[in-house]
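The data blocks that follow each hold one structure.
Here come two complexes built around chain A, the first alongside chain B, the second alongside chain C.
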Partner chain A sequence: MPVPTAALVSNSQMGKKSPTESHIQVDPQWAWKPYEPCAEQPWNLRWAGHLYRRAAFGATWKQLQQALADGPQKTADHLLRPQVDINGFDQELGEYESSAAKSESAEGIRAWWLRRMIQTPHPLLEKMTLFWHGHFALSNTSVKNAQLMYQYICLLRQNAMGSYESLFDGIAHNPAMLIALDSEKNRKAQPNENFALELLQAFGLGPSHFTENDVRETARAFTGWFVMKNQSRFIPREHDAGSKKILGEEGNFTSKDAIQTVLRQPAASRFVIRKLYRWFISEIEYPPDPLMAPLEESFAKDYDIEKLVSTMLRSNIFFSQTAYRKRIKSPVEFALGIIQGMEANVSTTKLGQDLAALGQNLYHPPTIKGWPGGRHWINSATLLSRCNLANALLSDKSLYGGKLSPLAIAKKHGFSKPDSTCKFLLDLYLQGDLDSEARESLLKRVPQSTEANDYSLELNQYAQQIFSLPEYQLV
Partner chain B sequence: MSSTRRTFLKSSLGAATLFSLHPFVPAFLSGTANAAVNQKTNSDKVMVVLQLSGGNDGLNTVVPYADDEYARSRTTLRLSSTDVHKIDSYLGFHPEMKALSQLYQDGLLSIIQGVGYLNSNRDHAIAIRDWHTGRPHQASCQTGWFGRAIDHACHRDGIDLPGILVGNISPPLGINAEKAIVPSIRSIDELTLHLSNNVDQQSSVNGSISNSETDNPILDFLRQSKVNAFNKSKKIAAMAQSQKMNVEYPPFQLAHSLRTVAQLIRADVGIKMYYTELGGDGFGGFDNHASQRDNHAALLRQLSESVAAFMKDLQYDNILDNVLLITFSEFGRTVKENGRRGTGHGIAAPMLMAGGNVKGGLIGSHPSLTDLDNDALKFHTDFRQVYASILDQWLGLDSQVVLGGQYEPLNILKA
Partner chain C sequence: MLRRFITLLCFGFIAALQTANADEPLPPVAQWFPQDAILTLEISKTTDLLDLVLSPILIKAVTSTPAYQNAASQTGFKEFQGVIQYLETILGIDWKSAVQKLLGKGVTLAFLPDEAFLLAIDAEDEDLLKQLHDTLLGFAKDDAIKKGEPDKVESKEYQGVTGWTLDGKEAHVIIGNRLLYSNKSKVLKDVLDRRAGLINQNLTENQVYQSAKKTVNADAALSIFLRLDILNKLPQMQKALAQNMNPLLALLLAEIPEAIQKSNWLSLALDVSEETLSLNASMDGMLSDTAGPMTFARPDKSNNGAPPILTVPRQIAGISFYRDLYKFYAAKDDLFPERTSGLIFFENMMGIFFTGRDLTEEVWKETKPEIRIVAAKQEYDPSIGIPGTQFPAFAVIFKLHNPQKFGEVVEEAWQKAIGLINFTRGQQAQPGLLIDRPVYNDIKITSTYFSSVQEEKKTNLDTRYNFQPTLARIDDNLIFSSTDQLAKDLIDSLKKEKEQSVESLKNTHSVVELDAVQISSILKTNRETMVRQNMVEKGISREDAETEFDLLTYVINYLGHASLNVGTQKAHTNAKLEIKLNLPNQ
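Up next is the complex of A and B:
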């Protein structure tokens, strides 16, 4: 029995919430049950758009229509495990990426990853790869090696929906990671405490769930690991095989043991699940403990990322006001949403540069903590640059070459009159979900021109207005 | 519509009028937006950091022409008492620095001598990293002091855009912040709104901002941010289009950047920290291991004339008192020439500081030319003392938060 939607809305005073307090009042049992459309919360275009913004990088008109017909659970099935062959696609893109990586082109691998995000039949996998890139946040500024950076992203992708333990283990021994944390030589006599600190703090547990001693002992467990000829190698004679005490457990721990010990901590599941909650559900408030407890309990047993993501994306709380438009789009989400809707291809080399200017330089997160996201994406310069990027994407005078055409995409889907074209664009990008005032204001600006060229320009301007709306910045 | 008419409309109306605020922007939005535009947290004080890339030869910038040791060490590069613009009986500016010499005489320039740091590195990449992070010998530090100052200003004072880079280089580590996104621009145009269709005056892009607060705090935040951003864009566009020319800037990249900085300061959009650069990407133009004379002279001329024009521009509008420009380079150079009419990587060098509120004159003594550290001048002032003094005394920020330590303040500003 679903609780009424009203009970889900946060009950605090608007805008006066401290992010450390939680005001969400939800029954955890109800929250994580799969959403079934009902009279109070019917399945409609709005929720289909919501699902595609979160689990993919936006949707085409056809995908939205298909989702409407399929319902939420079947659409989620499709997003989680698309019934198409992705190996062919993966292989083809992989070849381009490898050759860019071999020629040490950081710009090249960045462009190919964006191409992958746009064209992949499995966008959720890329969305999760991007999530992990922000969590295990390595930057080529530190690594200075495009091949290793590309291999690191491949590792993230291979495990993005798999086992968190395998992912963590792979990352902790990844050569790019060791280089980034200045840990290419973990000698017995000189354990690398900085590496151990970041492993515990930035990746494993978050701040303040461990002691200095845990850091020292974890560093000892990692002795023997070296980077040689760009590969991780274990040199047994450099490993400190003595007894270590990490987070209350004691033994002759190897690096693998140390990781298992870290992940056994309740704080480990808690840390990563809350990050994922912020990624998929809401960045407005920290979720209350009772809400998160069922997920943490389950995840600690199997570290199954896909299962966790599946629970979140199918849940009642995901399809509620607690989640709806409660995240700010990252630059990647902003731009790719526009491109997906227009079913177009653009130069992703140029796009990679422009997204970097907006604050999201793929392969170069600002620090080991990743992109802080949320309100940090927005300042008066980046918001303006978003409007200008929308303009550049639409303009035939920019380096993007005018491949995005609101006119053409509307025609393709059977809308050719000015009124219906504008309504189509609003439905495609915002599912028509705009308050009446903003909607009226936009409708006043329906293109009037009878001259074809001017009409097309006016329609571009109309689309730019949509992409400049505060509502469009929300995912 | 014909393209001529389009061009006409574009030029006569100008982008600024095309997206004037919707007349019905709700009070709660415009109020906060104006407050944001007119942010005067602490003061209107502005800092401009000018990076001289490659390791500037301090000895041939502020020249100890009367020192015999200098003449002996610089067999081909030495500048004589008749070449330099004299500061006193010992020091003089490089011959190409006439304009800065004039500023010095007017009390608008001071020279902080002998700046460096303990166990400084003579490798470009490491030395510049140390100056950028302000945390020497901490290879793992990923943020710059300038970036951290921006994070601090955002966090403590709620300023949305406290700092930017204006210049032609890829963003240096110095401006990297953990949280804030620090824009890098080459021209002022990048901070103004571009419309798809400049013909349609009716279509104000930000017309569709709703009147009421919602139950979604981030939507309200975005609405305020948009009004704020468009207001600023309007101010900047007006400034960019203004035909007013206080001074003529010389035709150098640095002058272009500083002119942009001056325009942004005048636009009064709350930017307190500017970062700019001379010398270029790679090792940087100041790295002259061979045939130094002409290269160095050309760069110093660019530095001198660009900064002087910038100062004059600000003075014309009576805002020079609000601006402080400081130069730095990753290291000075060796005292001795290297046999190829160039110099090697050194240690201490002077930092130049210009503005209406600098103390003027020489600060600290000139390092000895005989008591050397592996042929380089020894430092007596830590560069973080300079950072800290500016952060605390000029910008009103907390240098301990930014630098992660306490540094003895310097007496470099007018009381």
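Up next is the complex of A and C:
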């Protein structure tokens, strides 16, 4: 069974298994049924933290406590459709973001997106936007236009939990996408096969589900699409209206028809659902076909992303050892998890730069396939950089200005003594779930100083220890 | 809160009791200070500074800021005010008078090696100093009892003087009316040894200090002496002053880095006169001879120098340089032996614009060393459009040796550059500049602009609407301006200057003048943009960003008008900064 870097996953974690499941053969009916807490699998802080790590960017103490009181399904309801004023927030942030985009500040739109991720009342929407940014991966390195990149992220956000069909269609005709794939001019006399190849391979079906002829014919279907004055425009005279044969279907296909044809392929649903499985459930194991079949069948009917995400987040398999800590945190998840727990805000301009140095430069995925993720996030250099970032976030001498304070957040929630404060931090970030060796090691680091400044510093060091634990690197 | 307040006050004033020979007049404070002080700050005329700092006008200026009013409404601030009132009652004196009596006879601060510092305060009222100290000691002891903590206040006899510490780290003594305070007890012990004659060397015997001190007017309210001979040995300093720096920075700073490298000391003297602050800086480093590569900023004749600042309406800044660009560029191989790719690209581009002319001999040699830069706030025509973010207009004015002959060469280069900009923008599907050649005040100018005809709304437009790049030539003056309006204002200004026959500023190679009121005004115009930027750069709320911004604009507004003159006299570099405050009326 493949596992993440050995150093990252403690043996005790990997050894735990639900008594009713097997990693290779899981009953699909059981797997996708909504999880109901029981004596064997009770709802507790551990699962509440797990849900918030996957469906959001970590949790505050209050959110964890509320989740404990509400139970899994109500918490999932809240994450999927929060009953708060999202429009007001969206409008305010949108104004800031569009202003930064208008002044062509790529750094500005990155900083505002991170700020949105920290403050949003609907974190799942941002988490899904980030997912789609890694799936339909465009980089400003190719596009070189902050306004178009911002519009592209807006398109992802707008459809992040909506219809996959609309999302795919929007992306395929998005000016930033056409520019990124050198497809600003799709002339009848010179169809852009590179664009068609990426559309089928990187976004639609994955490799090995189409032929060279499908690529050529899809390229013909997209003729007539141009980017002019930074807008997508269809010029009928440049469209090849002749008959085409794409993926076994024949007709005078337009670009929209081509997309419909792609989406009708079983491979299309399978491709995106398996990516979402890696995102929400596990990136360790390749899920067996029977397990995924019910989801693929359902998704192919309506392409409803929210329904699919809801099924995953509520499922028995999500709240099982198959999913628990089975993905490595991306740099964004690593940093935002720390910030969320401390209930503070930091310089997102600086954070954007630091995350780029850690390998996740928002608006600049490395290739059209997005960030490879998984064990690619971690090596000896990035692990050290993660520790340094955690250190910088907590230090009042860094450019972050020491706005994250373990002492202050513990006091806010009524924990003032060293032992209880340390336990609080452990519960907040790891829900107290770590092996005895790590726990013993941390116990030795409980602050002892009676001097207020020294105590605060020691508590910061304690928190840094938590953030450098293998368990904290897992989502 | 109380404890923090006490610590704060202790850092400022603290006192310790017990003085030996209390009735004897104390020697100058520098005689007790160590020779190896890296930076020494002396406030000899504290009353001049305090009169300004505690003047009703300045207090009004501070208390009227939104930041102060916001802070004043906080509980912590009210507690602080309560403690001040309590101290005023106990000491029987209001806080302003107390500050004047405690600091009245001078303050000296020295930064020493190993991150140590030594502070000396000569109080006007010795009794008040002791009384305050006793009160603060009482506070510290009470606070410890309240918190159930051990009393950390300790005292110890040394050289017949009682030294005190509040936290086991800092140390202080009072001798007569003088408080001595250091963050390291060893420093204070050395002071007492020096006072007792056990250590002979003191700051006044240091030759570097003596030389620097001579350059400072005895009437200066504040003086600072910096040991450059020590700082120049630091690798960071050596790196910062390295000759192989950015060419633009080298052109701007001219001989200043060399002067610092060759100097043992830097002295700064501050004079306060009503609402004007004047800061004079001197260094002892002798500059190289007139043939050296760095002499491009040294006037070749005694009556040459930077030209006077040009003035235009809504002016934000005026800068005037004496820089021989021909001499500078001809020495580029000495100045920048490792020429950067940026410089090569620049030369290639200039070769295109100037039709293959040699940049050094056929372009820069055509320019005179008098260069002026002007920045001014823009006024926008609402019918054309107002950009969302408003930039100041700026212009560079060169003087030409052969304006008739070389004027057309520059005109051709300018039109090529506009063409290149348009071509590049066109590649990115962005609108280009339209060229116009109107006549203004009998001068033909080449003006360019972005058309706003197709803009539905004429407000909150793109930043490009801040620019109408314009070229104009009047007599031997060549104007490169970011806007057509500023070019026209400069034509008016240059015509007026011609009528007045102004002279260059002798012994001066750089002059900078800033109008803080205009800077504040343009910042306020862009308030929304800057507040938003502050939010993400600092990770703060909108309210906090607004408070910070408003405080900044208030402070800038009060700075009024600032001017900086830098020059060389008898191979020595000197500078003068003058700030005329713009305080509100009483």
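The rule we apply is simple: the second predicted complex is superposed on the first by the 452 of 475 C-alpha atoms of A that agree within 3 Å, B and C clash if a C-alpha of one lies under 4 Å from a C-alpha of the other, contacts with A are read in each partner's own complex, and residues count from 1 in each chain.
Simple rule for what comes next: contacts are C-beta pairs under 8 Å (C-beta built on N, C-alpha and C of every residue); 3 or more make two chains touch, one makes a residue touch a chain.
Only a predicted model underlies this, so the values are computations on that prediction, with no experimental measurement involved.
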Combined model on chain A where chain B meets chain C, clash or fit: clash
Touching partner for A:74 - first (chain B), second (chain C), both, neither: neither
Which superposed partner A:62 touches (first chain B, second chain C, both, neither): neither
Chain B versus chain C as contact partner of A:230, first or second or both or neither: second
First (chain B), second (chain C), both or neither touched by A:256: neither
First, second, both or neither for A:103, with chain B first and chain C second: second
Chain B versus chain C as contact partner of A:411, first or second or both or neither: neither
Chain B or chain C, by number of chain A residues touched: B
First (chain B), second (chain C), both or neither touched by A:384: first
Of the stretches 151-159, 295-303 or 367-375 belonging to chain B, the one that collides with chain C: 295-303
Chain A positions touched by chain B in one structure and by chain C in the second: none
Contact set on chain A toward chain B in their complex: 9-10, 14-15, 17, 139, 141-142, 181-182, 194, 283-284, 321, 325-328, 357-359, 366-369, 372, 374-385, 387-388, 391-392, 394-395, 435, 437-439, 441-442, 444-445, 451, 454, 457-458, 460-465, 468-471, 473-474
Of chain B, residues touching chain A in the complex: 1, 22, 36, 139-140, 142-143, 160-161, 164, 173, 176-181, 183-184, 190-197, 199-200, 202-203, 205-223, 225-226, 228-230, 232-233, 269
List of chain C residues in touch with chain A within their complex: 388-389, 428-429, 462-463, 529, 532-533, 535-541
Interface residues, chain A side, partner chain C - complex: 96, 99-100, 102-104, 108, 111-112, 115, 144-145, 227-230, 344-350, 400-401, 403
